[in-house]
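Listed below are the structures to be examined.
Two complexes are shown next, each including subunit A; its partner changes from subunit B in the first to subunit C in the second.
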Partner chain A sequence: MVDISLHLLDLMQNSARAQATEVALEVAEDRERDTLTVTVTDNGKGMDDEEKRLALDPFYTTKQGKKVGLGLPLVMQAARMCGGDVKVESGPGSGTKVQVTFSLSHLDRQPLGDIPATLVSFMAGNPDIELSFSYVGEKGTFHMTSSRLFSKREKETLGQIALLSLAEERLRAGLARAGFRPDGGGVIG
Partner chain B sequence: MKSIKDLERVKEQALAEIRLRASSGSPRVTVGMGTCGIAAGARETMLAIIDELKKRQRFDVTITETGCIGLCAKEPIVEVEIPGEPKVVYGNVDAARARQIVASHIVNRRVVDDWVINRKEDE
Partner chain C sequence: MRVDELVSRLGLQVKAMSKAGGAREIGGGFVGDVLSHVMANARPQDAWVTVQTHENVVAVAVLLDVACVVVCQRELPPETCQRAQSEGVTLLWTEQGAFEVAGKLYALLSSEHKGFREL
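Right after this comes the complex of A and B.
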């Protein structure tokens, strides 16, 4: 994965495959503490202690017919490469929370990347999941939920393609107003 | 930003396409969005398909996703399903190929043979 937004899309896909109906993504930059924290929370089927322990093992997957599960191990590697880490909270039937922390100013930290593209592509493939997204940056904040991103009239009259295009426009505009930078701030870029 | 007029136009087009879809079944495009697909660029492929369909005003097409199907080396993988025609699976579909597949296969009903990795004739 070349940037953090791709890791996030992968983690959100894990939530979708865990039968989540709600997925929340939070991105928070904190210059004082020099941290970039991304969190994916879902209300999916969750994991027991054994599954949670194995989730970070690249040779473990819950999917049949596969021998590797690389999503979490890849994001863990990306985080640890720059002084960060991954925290997984989960329980059977109580959803999963994956929190990844990066050192904001570390030279090896991957850029945040195209967050609107991640959100739109997730919405395209998972129209029935209620997606919420929060961004907290130095210059501002932005919050959206997929059900409130469009008016009732838009939902009734526009098709999937038109809604997704509109979503992309609104997400890009909202994040630009909040001072979002695809490089994620820090010393790079 | 769209004006109200633009949105009204989009609405009319969408309604027309929805009516058409209800009577004849709609084309479906599926993008592989497993870890391998995402790492290979499936997100950009997905966005290119959405953008190209919008430009060509094909609001009748449904976009969906699937996980890893075991052909990781061929990711990003895109399946095009047009009612009454065989399902076609394309491999190594970057954004540029995705746009061409929309133009050629979905709009002009010509399969792009060079990038096909499977045809499901019996479905």
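Right after this comes the complex of A and C.
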């Protein structure tokens, strides 16, 4: 993965495959502690201890016909390459929380990437999932939930593509106000 | 060129190899460290040159069915070597840099295959 947003899309798709109806994504940059923390929480079917252990193994997948499952192993590798780690909390029937930490200023830390496009892509593919997103940046905090992103009038008058364009526009504006930089990596950061 | 020929001509260390691994024919080469980029662009039968050492390298090699993986300069953790052995992936190591290995590999392959442009 060339940026963190692609890892996030993978993690959110895991939530969708786990039959989640609600997915929450939080991206928090903390310059004082030099950490970038991304957290994906869902209310899906969850995993038992053995499944949790296997989820980090690149040769384990629940997808039929696939030999490998690289979503979590790749994000774990990306995090560990720059002094971070992955924590998975889950239980059968109680959803899953995946928290990934990176050293914010590490030279090898990947840039965040195009988070608005990633979120819109997830919303387009999973219209029935309630997605909430928070970004804590240098200049402030931005929060949105997919069900409250549009007014009743917008939902009634605009088609699916127009709504998604509007969502992307609002996400970009909100993130810019909070100081989000898609190209921010270890050096530029 | 077979994998065992590549090993001897470049002086590579064998970290894992299946019985048939040495006899596999190398059809091309690919250099890359971003695993998703490798997944999208490398081809079966390639010799894949990388500095990545994580077990995920073995998973990507299995997925692509590359002829071998050549890890340059960075120390390979034992678990990656064990995983390569158990999954039948040929994992090679060298202290040479990726630039040097890629140059030598290209020269060897271009002397054998007409499809390679002479540099």
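In the analysis below, the second predicted complex is superposed on the first by the 184 of 189 C-alpha atoms of A that agree within 3 Å, B and C clash if a C-alpha of one lies under 4 Å from a C-alpha of the other, contacts with A are read in each partner's own complex, and residues count from 1 in each chain.
The rule we apply is simple: a contact is a pair of C-beta atoms (placed from the backbone, for glycine too) under 8 Å apart; a residue touches a chain by one contact, two chains touch by 3 or more.
Just so we're clear, the structure is a prediction, and the values are computed from it rather than from any experiment.
J.: Return the chain, subunit B or subunit C, that is in touch with more residues of subunit A.
T.: It is B that touches the greater number of subunit A residues.
J.: Is A:L74 touching the first partner subunit B, the second partner subunit C, both, or neither of them?
T.: Touch partners of A:L74: subunit B and subunit C.
J.: Is A:L6 contacted by the first partner subunit B, the second partner subunit C, both or neither?
T.: both
J.: Please work out whether A:F59 is in contact with subunit B alone, subunit C alone, both, or neither, and reply first, second, both or neither.
T.: second
J.: Could you tell me if A:A124 is touching subunit B, subunit C, both of them or neither one (first, second, both, neither)?
T.: A:A124: touches subunit B, not subunit C.
J.: Output check: A:L166 vs subunit B and subunit C. Expected answer is one of first, second, both, neither. What do you get?
T.: first
J.: Of the residues on subunit A, which ones does subunit B touch that subunit C also touches?
T.: After superposing on chain A, subunit A residues 1, 6, 70, 74 contact both subunit B and subunit C.
J.: In the complex formed with subunit B, which residues of subunit A make contact?
T.: Touch residues, subunit A against subunit B: 1, 6, 9-10, 13, 17, 63, 65-66, 69-71, 74, 114, 117-118, 120-121, 124-126, 154, 157-162, 164-166, 168-169, 173.
J.: Within the complex, which stretch of subunit C touches subunit A?
T.: 34-37, 54-56, 58-60, 62-63, 83, 87
J.: In the complex formed with subunit C, which residues of subunit A make contact?
T.: Contacts found on subunit A: 1-2, 6, 58-59, 67-68, 70, 73-74, 77, 80.
J.: Can you list the subunit B residues touching subunit A in their complex?
T.: 1-2, 7, 10-11, 13-15, 17-18, 31, 33-35, 38-39, 42-44, 46-47, 50-51, 53-54, 58-65, 67-68, 70
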